[in-house]
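Once you scroll down, you'll see the structures, which are given as structure tokens.
Each of the next two complexes has subunit A plus one other chain: subunit B in the first, subunit C in the second.
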Partner chain A sequence: MILVALLLPLAGAALCWAFGPRLRGAAGWLATAAVGLSFIAILVAGSGREALFTWMPGFDFGLSLDRLSLLWSVVITGVGCLIHLYSIGYMHGDRGFARFFAYMNFFIFAMLLLVLSDNWVGLLIGWGLVGLASYFLIGYWFDRPSAVAAARKAFVMNVVGDVGMMFAIFLLVANLHTIRMSDAFASAASLSPALLYAICFGLFVGAAAKSAQVPLHTWLPDAMEGPTPVSALIHAATMVTAGVYLVARCAPLWDQSASAQMLVGTIGALTAISAAILGAAQWDIKRILAYSTMSQIGYMIMGVGVGAYAGGIAHFFTHAFFKAQLFLASGIIIHALGNEQDVRLMGGLRKRMPLAFWGILTGVLAISGIPGFSGFFSKDQIVAGALAHGHPYMYAVGIVTAGITAYYMFRLFFITFLGEYRGNVDPASVGITRETTNAAPHEPGDDAHHAPAWIMGLPVALLIIPTVLAGWLLFGSDASPSPWSRFFAPQFAGPATAAVPIPDWLTTAITFAVVLIGIGVAALRYATSAARADAVARLRSESLNMPKVLTHQYYMDALINFVFVRGARLLGAVFGRIVDPFVIDGAVRESATSAQSLGTAVRALQSGLLRAYAFVIAIGAGCFLVYYLVTGLPHR
Partner chain B sequence: MPAHLLPMPLANYVSLSAVMFFIGVAGVIVRRNPLIMLMSIELMFNAANLLFVAYARAWLNNAGHIFAFLVITVAAAEAAIALAIVVVAFRSSDRVDVDDVRTLHG
Partner chain C sequence: MIPLLIILLPLVVGVLLYLLPREDVAVSKIAGAVVAAATVGLAIGGRTEEWTWHWFAHPFVANFHFGATFLSHWLVVLLTLCTFGAVVSTKVARTRSMIASLLFLEGTMAGLFLTRDLLVFALFWDAMLLPVFFVLLSWGPHPSIAWRYFLYNFAGGLVLLLAVAAFGALVGTTDVIGNPAYHGLTSGWAPWILAGLAFAFLVKTPVWPFHTWMPATYEGTPSPMVAVVSGVQSKAGLYGFIAISLALFPQYFAREAPVFAVLGVVSLLYGAFIALVQSDIKLVVAYSSLSHLGLVLLAIASLNHLAIEGAVVYIVAHGLFSALLFIVLGYVEEREETRSLGKLGGLGWKNPRLTGAFCVAALAALGLPGLAGFAGELVILIGVYESGYVWAAILALVAIVTASAYFLRLLQGATQGPEVADLPVRPDLTWIEGLALAPLLFALFYFGVYPHALLASGWLHP
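After this line comes the complex of A and B, so read on.
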């Protein structure tokens, strides 16, 4: 049954790819059905392990569905199914409609392979294939140069991660002589601390690249070039959380290496706060959400890094709902406004798009951590977990980031939905200059008015339910643990947590206070009646006074460009101008000329005179004769 | 058992063989008529045959006889092929001179 769940999306992808032009609109329904059936198959299977085949003696391939992979598979296929349904409306009329669904189904297959494999090789294959699917989908509009460049960037940075992960897996297989993960975890204690750290480091390079963690994060904001459903499915809900999955999956390795845990937690915290600050400086609605995704994944990575595994994956679970929700709702706005993505040209959309309003409002409340909404519970678990596992700095960063998150999410919300509609004002009057705007891309052949509205509305409406309620699974206390922690207790047998000086209720209160401050600042700046009346001028001055370091994303792209791109070009120049013409071509030319001169020298012997040849033979025979006369015959 | 079955000393046979061989070598190198050259080659074969037979008698070992017959067979085959080549090569030419056949020169 697990195999069926894995292969259904692959079959859907193959059908959409092979018969795309003939299927037309049916391709979307076919792909949605494949993912939906896969979801049901996962639920029916529930748990278990299925052996597939033997790669080499002792190296078995199999699928395993345990609590962790069940969680991921349910989100991948469940949220994936809703996003597929949404895409039928969003991509309606696009030239590559069937191609889009083929890619989407292929992605679901790859992601399921990643989480269901019970061995390192299958994990690595899935890991590579989701990167490939992401490349396809970011560059889906291949006639747009910026999309192609973004796709290439994402792929290259992911491959950097793949290489790190590959070396970690080489080390694991070479030292433990097994490709099955459970066997590797069972014998992980035999590894030396240095080796274990190297393995964890390599695995985390892969996780950081896939999950857009500092310093391998720059591809994710650019990846918003893909269609909005892709951003929702791949670059928010599922693929970018693969790094969280990997760390949680390899918890037995991390539990034994405190320094590796420290590394992961630090990177997660750094990403959480730096991306949140950048999110506050963006104007493109999808880029704001992209930075918030980075920041929230930073939370998750921090959570699983410090050892609060249940909290980290809980945040994955709730984030998948509310972030998919936010992306899909913003997709409705983008679609309705003719592909306008700049929030400065929105405003006053509350009455015009009530569903998008409610979708984004619940999403914003959830991501900001308003009590009762899903994000509150999971974020609280991570922040409290950081302190419980003895990392006060990460605890502080978590709280501060929560405040910044509340600020920029409410900023997005206020600018988009309050005040007057600004779509008809001159872009320059709100401070849009050529450098800061994403030239509103024209999505080729799109025509929103033929697909029924419920196709895009239904997924958003359905996602509101878990966005609000999913967090209650985490509601519990030490005396009566929450359903979540009871469910995952057998999965993670980590070290016991220390007693903390700050009780949980106080942590919750502090976090909530900081969140309220963030919301208050956003409200003062964008929601007061004075701000609403003066919105155009205020937005203009904010855009023009935005610190350069924020509009340039901390100059990370420039740094990478300077070190690696320029470095590679320099290396290329050295090889192209010196090594290739003089060493490699030189060797070839030299061997050609030497063969030629040798031929010129020797051709004199080929006189064609039969008697000359005979003479040479006679001379040779004479030489042999003389030699044997001098030295005597060899003894037998 | 007699030391050998030769009517005269072995050195005579060896000397005769050597003389015949060098006459053959000189003939191949010096003469330009292919027929004469072939005859010189036959002379070298026969010098070798003479040595085979002489040593076979001297050492009471019949392997030499067998080799002599083998050489005669090969020489016959070689003469047939060589004469065919000569006929083909010189059908177009009115002179019979190996130095005129230089199509293989480098």
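After this line comes the complex of A and C, so read on.
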């Protein structure tokens, strides 16, 4: 049954790909049904282990559905199904409609393979294939040069992560002689601390690249070039959380290496706060959400890094709903405004788009951690967990970031929905300096849009329910643990936590106070009647006074480009244009260009060319000779 | 008898094609395709067949002894598959002569892989250079490229012949490939013979710094022929390393292995970085080949069982995707009338099927998990690491990242971006063109999902 759940989306992808032109609109329904059936199959299977086949001698493949992979599979197929449905409306009339759904179904297959594999190689294959699906979907509108570049960047940065994982897998397989994860965890204690740290480091390079953690994060904002449902499914709810899954899955490894936990927790905290600051400086609605995704995944990584596994994966669970919700609701806006993504040109949308209003409002309340909404419970667990596991500065970062998050999410909300609609004003007057708008020729605009409104509305409406309520699963106390911690108690048998100097209720109160400050600042700047009346001028001055270091994303892109991209090309140019022709092949090249025809070639053969080759061969032979002289002459 | 048939059938039909009129296309193409398809069947079916004809016994024993071993079986299957694809995809002036050359190449290379005798191996080594040489002379942009190819490889061939003769004189027989009863040469001359063999193998593969003949050859050879040369002929040297150097001189090869490991790593990185800056689409693939085959040499030099199993998988995988890439690039060049990445772009909207095939080939080449290249790459690297070449394994990871960059640059540069206005618009893949690609594509998927199929038949030489 697990195999069935895995193969259904693959079959859907194959059908959409092979019969795309003939299926037309039916491709969307077919793909949605495949994911929905897969969801049911996962629930029916519940748990279990299925052996598959021998991939290579000693490499046995199998699938395993335990509580952790069940959680991920349910979210992948459940939220995935809703986003597929939404896409039927969003992508209606697009030139590559069936191709889009083939990629989406393929992604679901790859992501399920990632979380269901019981061995390192299957995990790595899934890991690589989700990267491929992401590449295809970011570059979906492949006649747009920016989309093509973003897709390539995402792919190459994810390959950096893949080879990090490959490195960890060499270490694991070469030392433990098994590719089964459960076997590796059982014998992890036999590894030396240095080796264990190296393994965790390699795995975390993979996790950081996939989950857009500093410094491998620069692909995620660019990935917003993909259609909005893609951003919701892959770059918010599921794929980018694969790093959280990996760390939680390998908890037995991390539990034994405090320095590896420190690394993961630190990177998570750093990402959480630095992305939140960038989120406060963005104007593109999807980019704001992209940075908030980075920041929230930073929280999750911090949670699983410090050992608060149940809290980290709980935040994955709630985030999947509220972030998918935010993306889908903003997709409705983008769609209705003819592909405008700049919040400075929105404003006053509350009355025009009530569903988007309510969708984004609940999402913003949840992500900001307003008590009662889903994000509150899970974020609270991570922040409290950081302290309980003895990391006070991560605790502090968690609290401060919560305030910044509340600020920039409410900023988004206020600018978009309050005041007057600014779609008709001159872009320059609100401080937009770019020459062209984001409006892209292939986004299906209003004219092409004939799909019934409920197709896009229903998923948003349905997602409001878990966005508000999902957190109550985490409600509990030490005396009566929450359903969540009871469910995952057998999965994570980590070390007991120490007593904390600050009681949990106080942590909650401090966090909430900081959140209120964040909301208050946002309200003062964007929501007062004075601010609303003067919105255009204020936005203009804020745009023009935005610090350069923030608009350039801390210059990380420029740094990576300069060191790695330029560096590699320089090396290639030196090898190809200098070493090859002049050092290795100087004489040969000279003769070859002097030989103009077969006649001169034959003549050259008798004079220059032959000598040149003799020279080259002599060098080759000479190298061997010298080598043998150095290493000792052969003896009988 | 079957091994002999695999060798003679293409050679005889190749000669007979010259009875056809010079400008013939259809008959020679059908005959070539039928012969290639027949040899695919023979190669898969005739795995255990052997055939021997005694040649001479003085001063040493040499036999026309043919029969597949574990590795050569897969190489011959690869050869026949690639030849089939090449013949079916051929679309050049003087089709008849091209098909005949392809069949000559198939016959001589089948002889090279199937022979169990070193002397016959050395003779076929030189023979297989000739079809490529003549094709380069007649179709290549410049005769000097043909001469460069020939002299470089012929020099290797001569050294190989000398080494083989010395081997025969010392051992008393050259009928030793894949012979489990033979346990290696223990003479003071062995390192010198090994060096002679290695020189020929390193030039043919090619491996840095003997690679400078390769880019121009791959660039100048028409795509059907270069598909076979890059896909299969480049494996002759690696086959030699595994089946001859490693099997016949185990202790001496082990002593020199670090040298080959270093050459492998240098090729791996050197090729990868150069491929990153090429603007000719064929040269990107040519330098990628230098890089990929360096990895295989590293695997062989690590002497690790797992790495060599991975090398076998990777040899087959590389043959498949590199043949596929060159055939696809041939199609692209034919449609767009340029090979420059600066001019190409936007093929995806015009020719989606061709782009799909291109995409699979490029992804397989950059080691996408799930396709055949990845299986070999991963297992090689685990083995290389296990054998103690930790830095080599880490440097290989750098090359993997670089490969993803240059193959995406190639794929995106040719197929994506806005449609370029001044490029001609031509129809998508025809079914005949698709037929040339289909077996290779299928094999890439099949061996990617189930690489065990390549190794399940057993291991002849540990």
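In the analysis below, the second predicted complex is superposed on the first by the 564 of 636 C-alpha atoms of A that agree within 3 Å, B and C clash if a C-alpha of one lies under 4 Å from a C-alpha of the other, contacts with A are read in each partner's own complex, and residues count from 1 in each chain.
Here is the rule we go by: a residue touches a chain if its C-beta (ideal position, glycine included) is under 8 Å from a C-beta of that chain, and two chains touch if they have at least 3 such contacts.
Predicted, not measured: the structure shown is a model, and the values here were computed from it.
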Touched partner set for A:167, first subunit B, second subunit C, both or neither: second
Which of subunit B and subunit C A:459 touches, first, second, both or neither: neither
Superposed model, subunit A: greater residue contact from subunit B or subunit C: C
Touching partner for A:62 - first (subunit B), second (subunit C), both, neither: neither
Touching partner for A:152 - first (subunit B), second (subunit C), both, neither: second
Overlap of the subunit B and subunit C footprints on subunit A, listed as residue numbers: 604-605, 609-610
Residue ranges of subunit A in contact with subunit C within the complex: 53-59, 121, 124-129, 132, 139, 142-145, 148, 151-152, 155-156, 159-160, 162-163, 166-167, 169-171, 173-174, 568-569, 571-573, 575-576, 579-580, 584-585, 588, 591-593, 595, 597-598, 601, 604-605, 609-610, 613, 616-617, 620-621, 624, 627-628, 631, 634-636
Touch list for subunit B against partner subunit A, complex: 25, 28-30, 32, 37, 98-99, 101-106
Contacting residues of subunit C [partner subunit A, same complex]: 137, 142-145, 147-148, 151-152, 155, 159, 187-192, 195, 198-199, 203, 209-210, 212, 216, 255, 259, 270, 273-278, 287, 306, 309, 313, 346, 348-349, 363, 366, 368-370, 374-375, 378-379, 381-382, 385-386, 393-394, 397-398, 400-402, 404-405, 408-409, 412, 415-419, 450-452, 455
Residues on subunit A engaged by subunit B in the complex (per definition of touch): 602-611, 614-615, 618
